[in-house]
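The two complexes that follow have chain A in common; it is paired with chain B in the first and with chain C in the second.
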Partner chain A sequence: MTKRTKGDLLLDIGVYAFLIALGLIMLLPLASVFSKAVSEEWAITSGKVGILPVGFQLDTLMQVISSSVFIRAFCISVGVTAVGTLISILMTALTAYPLSKRNLPGISFCMVLFIFTMLFSGGLIPNYLLMRQLHLVDNLWVLILPGMISVFNMLVIKSYYESLPEALEESARIDGAKTYTILFRIILPLSMPVIATIALFYAVGYWNDYFGPMIYINDTALKTLQLYLQDVVMDANNANLTNKSIDDLMNMSPEGIRAATVVASTVPILLVYPFMQKYFIKGVLIGSVKG
Partner chain B sequence: MIMINRKWLSLVLCAGLAASMAGCGSSGNTNKEGAAGGTAEQTAGAQKEGGSKPELKTLNIWSKDDYNTYTLAKVVEEQTGYKVKYEMLPADKAMDKLNLLISSAEPYDVITITGEKAAYTDYAKMGALVDLTPLIDKYGENIKASISPESFEAMKVDGKIYAIPNRTSEFVGSSLMIRTDWLDKLGLKMPATLEELTAVLKAFKEKDPGGNGDKGAPLSIDGALATMVNVTGAFGIATGWSEVDGKLVAAPLQPGFKEYLSYAADLYKQGLLDKEFAVNKDATLKEKFTSGRVGVIPLPWYDIPGIADALTKNFPDAKYAYVPALKGKDGQAGLGMSGGFDRLTFIPKSSKHPEDAIKWINAKLDKDTFKLIAIGEEGKHFTYKDGVYSPILPLFTDERGLASNYLTGIDEKLYPVYWQARVQKDPRLFAGFTFLNSEVPAEYRISDPLALAPSLPEYSKNNASLNQMINDFAVKVIVGEESTDAVAAFIEKYNAAGGEASSKEVNEWYASVKK
Partner chain C sequence: MLLIPGLLFLLLFKYTPLYGVLIAFQDFNIFDGIRGSEWVGLEQFHKLVQSEEFGQVFMNTLLISVYKIVLLFPVPIVIALVLNEVRLMFFKRTIQTIIYLPHFLSWVIISGLFVTILSTSGGLVNNIIQWFGGEPVSFFVSNQYFRSLVVFTAGWKEVGWNAIVFIAAIAGIDQEQYEAASIDGAGRIRRMLYISLPGILPTVVLMFILRLGSVLDAGTEQILTMYNPVVYETADVIGTFVYRIGLGKMDYSFSTAVGLFNSVVGFILIVSGNYISRKLLKRGIW
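The block that comes next holds the complex of A and B.
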C-alpha cells in the first residue's frame, strides 16, 4: 500500500483516542449500574458508588436471580425469544425468496401489499379488540404471531438473495434440484451472514419487546422479563411516588435491587452479540458494492 | 420506537375511550358477554349453579410479588370460599392500561386502584361501573359495619356509591431531620422556633461541625418540594389548603406564602440553604445528608431505616432526630398530615359475577377474617400487649408485608391500630413515626381539609399543574430570580390558570358539608 506520512499517523492516533474516549463515555452509565448491583445499599444511599463498587457483595444479585417472579419472567422471555426468532427467521427467509424472483407474475403488486403494512396500521384499540377476538390476549403467541415478519428485515434478505449470482441456481436446476432443495441447500447456506444478522435483530427485538406484552398480557403468570424490569425500575420513579400510599412506599425496592434487576435482565442478550459479531460485519454490507 | 409508541398510546387511548364510551351505551344489550345485561340475569345464573361459588377475576395495582402465589391468596380463599384469579396493572402508566382494559370491557369482577378519585369518577359517570348501593344493602353487612358513612359520602357520584374505599389513617408523614451530634458538638440545643433554626444553621455554616470546608451546606431541600415541611407550618400554610374564616383558602393566597418565601430566600442569600437545591432530587438529598455534607433535610419517616444505615456506616457517631414543629412569630406552627384514601375498589359493568364480588368483599371484612388478612395470627405473626400490636419478624414481613394489597375496604376503627404493627418492623422507623404522631402536640398536626372530599373535577384537573406552578415560582423567588413583590402578579396568574375555579368548587363542597 501507500506509505503513511507523519500526518496520517497523527490523525490515526487522534481518531483512536477519540473513539476510545467515546466508547468509555458510553460504558460509564453501564458501569455505574453494574457497580450499584454489587454494592452495599448504604453505599448507594450515600452516593459513594460511582464506576467501582463499594462494599462488594453478590447477595442482591442472588436475591433478584432467585426470586420466583424473576425466574418465571426470564424463562418466558427466553422461550418467546427462541421460538419467535426461529419462526420469524424461517418465515422471513421463505417470504423473501419468491419476492426476489423478479420474473414471477404479480410480484410488484405483492410488494406493494407488503410495503403498505410498513406504513399503515390499525391503531391500538382495534388491534387489542382483534387480538381478543382471536383469543390471543393473555396468550404468549400474541408476542410472536402479529409481528412475525418484519417487512424491513424481509427486504434486507430479499436484496441479499438478489445479489447471489443467478447462474448458481441455474446450474443447481440442471443438476436436478427442485425449488426447496435450491432454497435450503444452496441459497440459505450462502445467505448465512444476512440470516445471522437478521436473526440477531429479531432476537434482540423479541427480548426487548415491552410494548406488546404491556398491552396484550394481563395474566401475571405470563409477564415477560421486560415487563417485570419496567415495573421494578419505574416503581420508584418520582412521578409515580405522588400517588402511592405509605404502605406502598414502605414496600418499595431499594436502589440496589433495581440495579441488580437491570443487570440480570440485560446481560443475557448482551452475551449474544460477541458470538454473532463475525456474521454481523458481513451481513450489514447489504446494499454496498456488489460483485 | 417505544417512545413513539408511548406517545401514541396515550393519544389513542383517549380517542379510544371516547369512542368506546359512545359505544358502551348502545352495545350494552347486544354484547353477549352481557356487560350491562342486568343483575336479574346474573341472579338467575347464580341460582342455576346451585349456589356454588364462581371463580372471581380481579385486577389490582402493581405489587412486588405475584398476588396469586403470595401467602395471602390462600388465606383469603380459605376464609371466603372464593377462588380468585388476581391480575395486576403495570407500575408505570397504570391508568393508561386500565383505560384500555375498561374500554375493551375485560370481564373483571373486582378492580382495585390507588385512591384516584378522578379516574374513578370518570368511570362511574360514563356508566362503566356497577352501582353498589343496592348490593351493599343486600349483601354488605360487614361492609356497612366497617366503613364510615363519611367515607361512603366521599365515594358518591350523582348520589350513588360505586366504590369501596380503603381510608388511610391520618398522620404526619415528614418533617425536618437534623444531625443532633452536630448540635452536641457545638453545644446547641434543638431549635424550637424559626429564629433558633436560623441560628443553628448559621452555626453549622460558620463552625462547620461536619468538617466539609466550603463544600457542604447546613440545609438542603428537594427542588421539587420547595415548600419546606415544618417551616411552612410556622407561616400557617402547612397544608395546600387551609380554613380561614370558614372558607378554604389555597396556600399561595395567604399572607404566610409571601412571608415564607422571603424567609427561605433569605436563608438562600446567607448561604444557609444549599445553593444547588433547585436541581436536587430525592436521592441527591439523601446522598448529601448521609455523606455528611448537609446537616438538615426534610425526610419522611418511612425513609429513616435506609438513611440511618448509611449514616452509621459513614459516621459511627452520627445521631439524628426530627426537629419539633417550629414556631413562627405568632406562635404559629404545624406539620401537614396526609389523609384520604389509598385504595378504591369497584366492580365494572363487564363483571360476570357482581353479587359474588360483593359477597367476597363482605366476607373479607368479617372481623376475624379481616384481622387475619391484615396482620395474621397472634403468636405467629404478631404479639399483642397493652393495646399494641407488634410484629414477629421476619414472618410478619414475609407473609403480611403486602397485606394492604389484599384489602378491599378496611375496618376503619380497628385498622389504624393494627396498621401500626407495620411501622414497628423497624424500631428506628417506629421512633420517627411516634415522634411525629404522638410527641408533636396534636394542635400542631394539621389535617388536610380536602382529604375526604369527593372528586372535584375542576380541582383534580388543575391541581397537579397548579402545584407545579407554585413550586416553580417558589424556586425562582428563593434563588433570587424574582423578588417577593412578584407574589401579587403570581397570584393573578395562579387564579387565571384554574386557581379561582378550583377555589370556587372546593368552597361549594366545603359549604355543603359544613351545613
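The block that comes next holds the complex of A and C.
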C-alpha cells in the first residue's frame, strides 16, 4: 500500500480523537447516573459525585428494586412486552405472506390500504374515543392490540419473502404441500433472520412505550415501568425546584432514588443488548430504503 | 384467507379512527356521540387559525424540527465517513457498540439521565460550569436553553443509529475506485472527500428528503417526558398541544381539528417528498 504521509497521520489523529470524544459523550450520562446510584448518601447531597462513584453502597438500589410498586410495574412491562411481541410477530409474518404474492387478485388494492395507514391517521382524540368505546381504557390489552401490526415492519418481512427463490415453493407444491404447510414449514423457517430482527424491534418498542400507557392507563395498579419511572424522575425534579422537603421525609435523597430507579430500569436493556447486537444491524439494512 | 386478520385489524384500529375525524367539524359532546353532536362546519379551524397559542405551538414545532435537521442531519454522515477510516477492527466495533446503544433506551430513561447530569445540585454539567466560575443553569426549566436540550438529547439518542445507513452505503462503494485514486496519488483525505462522500450522496439526498417529510413531528414523546408548564412557551409542539388540549382540557373537537391539520400537512409533505425522490433518484419508500 501507499506509505503514510503527514496528512494521513493528521487524519488518523483527528479520526481517533473524534470517535473517542463521541464515545465519551455517549457514556458519560450513563456513568454519571450509575455513580449517583451507588454513591454514599452524604456525597450525593453535597454534590461531590461526578463521573466516578464516591464510596460504594447498594442500599438505595436494593430499596428501589424491592419496592412493591417497582416490582409490579416491572412485571407488567415484562408481560406486555412478551405477549405483545409474540402476537405482533405472528400477525405480521402471516399478513406479509399473501401480500408478497404479487399475482394474487386484489392484492395491490390491499397494499394501498396498508400503506395509506402509514401516511395518514385519525389522530389522538379519535383513537382515544375508539379505545373508550371498545372498553380498552385501563386495560393492558390497549398497549398491544392497536399496534399489533406495524406496517413498516410488515413491508420489511414482505420484501424478505419476495427475495426467497420461487422454485422452492413450486417444488413443495408439486410434492403436494398446501399453503399453510409451505408457510410454516418452508417460508417461516427460512425467514428466521428477518423475523428475529423484527421481533427485536417490536420488543424494544413495547418495552420503551411511554405514550400509549400515559394516554390509556390511569389505574395506578396497571402502571408500566416507563410510567413509574417518569413519576419518579419528574417528582424528584419538582421537589428539587421548590425545595428539598423530600429529604426530610425520606432518609435518602431524591437524587439518589432517582438515579437508582433509572439504573434499575436500564439494566435489563444493557443485559440483553450484547445478544441482540448481531441482529439489529442486518435488520436496519434490510429495512433501509430501497428501490 | 391469511389476510383476513390483518384486514380486520386495519379496519378496526386504523380506519375506524378516520371516521372519528368528523368530530373536528362538530361541537362534539361525548354523551351525544358523533351522530348526536351539533355540526359546526369549519368553526374549529377558524378558531385554530386565530388562536395565538396555536401560532406559537406551530412555530415551536417548526423551530425545534428545523434545528434538529440542520444540526443533527449531518452528524451521522460525518460519523460514517470517519468510522470508515478506522483500520483497527476492535476499536471500530467498540465505538459502534457504544454509539448504537442510546437508541435502545426509552425517552423516559434518557430524561432521567439528563435530569441527573444537568441537576443544579451536584449535576456533572453544572459542577463543570461552577468550576469555571459560572452560575449553575436549571436547563429543564429554562426557556432559554430548553430547545437546545431537546435537540442535544435527540442527537445523543439517534446520531449513532442513523449512521448505520450511511456506513452501509460506504461499504457498498466499489473498492477499485479507491485503488485507482491512490495510484493517481490521492491521499486518504482526498479519497474521503472525492470518493466516499460522492459515493453516498444519493443515500444522503434520499434520507434528507424523507426527513423533510416529517418536519411537523418535532418529537412528541421526547418533549412530553421532558417538559413542564414553565417551558410551554418554547417547548409546546403540535403533538403535545393536541394531548394537552384534548385529553387535559377535554376540548375534543378543537384538539381533533389540530390533529387533522397536522395529519393533512404531514401527508402532503411525505407524498411530495416521495414524489421528488422518485423523480430525482428513481427510488422512494414506495
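FYI, the second predicted complex is superposed on the first by the 244 of 291 C-alpha atoms of A that agree within 3 Å, B and C clash if a C-alpha of one lies under 4 Å from a C-alpha of the other, contacts with A are read in each partner's own complex, and residues count from 1 in each chain.
The working rule: a residue touches a chain if its C-beta (ideal position, glycine included) is under 8 Å from a C-beta of that chain, and two chains touch if they have at least 3 such contacts.
Quantities reported herein were computed from a predicted structural model and do not represent experimental measurements.
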First, second, both or neither for A:47, with chain B first and chain C second: both
Which superposed partner A:123 touches (first chain B, second chain C, both, neither): both
Touched partner set for A:221, first chain B, second chain C, both or neither: first
First (chain B), second (chain C), both or neither touched by A:211: both
Chain B versus chain C as contact partner of A:68, first or second or both or neither: first
Which superposed partner A:277 touches (first chain B, second chain C, both, neither): second
Chain B versus chain C as contact partner of A:185, first or second or both or neither: neither
Touching partner for A:255 - first (chain B), second (chain C), both, neither: both
Chain B or chain C, by number of chain A residues touched: C
Contacts of A:94 with chain B and chain C, given as first, second, both or neither: second
Contacts on chain A seen with chain B and repeated with chain C across the two complexes: 45-48, 123-125, 128-129, 210-211, 214-215, 230, 232, 234, 237-238, 240-241, 255
Chain A partner contacts - residues on chain C that touch it in the complex: 2-3, 5-7, 9-10, 13-21, 23, 30, 78-79, 82-83, 85-86, 91, 94-95, 97-102, 104-109, 111-117, 119-124, 127, 138, 140-141, 156, 160-161, 164-165, 168, 182, 187-189, 192, 206-207, 210, 220-221, 224-225, 228, 242-243, 246-247, 252, 255-256, 259-260, 262-263, 266-267, 270-271, 282-286
List of chain A residues in touch with chain C within their complex: 1-2, 5, 7-8, 11-12, 14-16, 18-19, 22-23, 25-30, 32-33, 36, 44-51, 91, 94-95, 97-99, 110, 113-115, 117, 119-130, 145-146, 148-149, 154, 179, 183, 204, 207-211, 214-215, 226, 229-230, 232-234, 236-238, 240-241, 255, 258-259, 261-262, 265-266, 269, 273, 277, 280-281, 284-285, 288-291
Chain A - residues contacting chain B, complex: 40-43, 45-48, 68-69, 123-125, 128-129, 132, 210-211, 214-215, 218-221, 227, 230-232, 234-235, 237-238, 240-241, 243-251, 253-255
In the complex, chain B residues that touch chain A: 1-2, 5-6, 8-9, 12-13, 15-16, 19-20, 59, 61-62, 64-69, 86-88, 90-93, 97, 100-101, 103-104, 106, 114-116, 168, 173, 224, 281-284, 286-288, 290-291, 300, 302, 306-307, 309-311, 313-314, 338, 342-343, 401-402, 404, 422
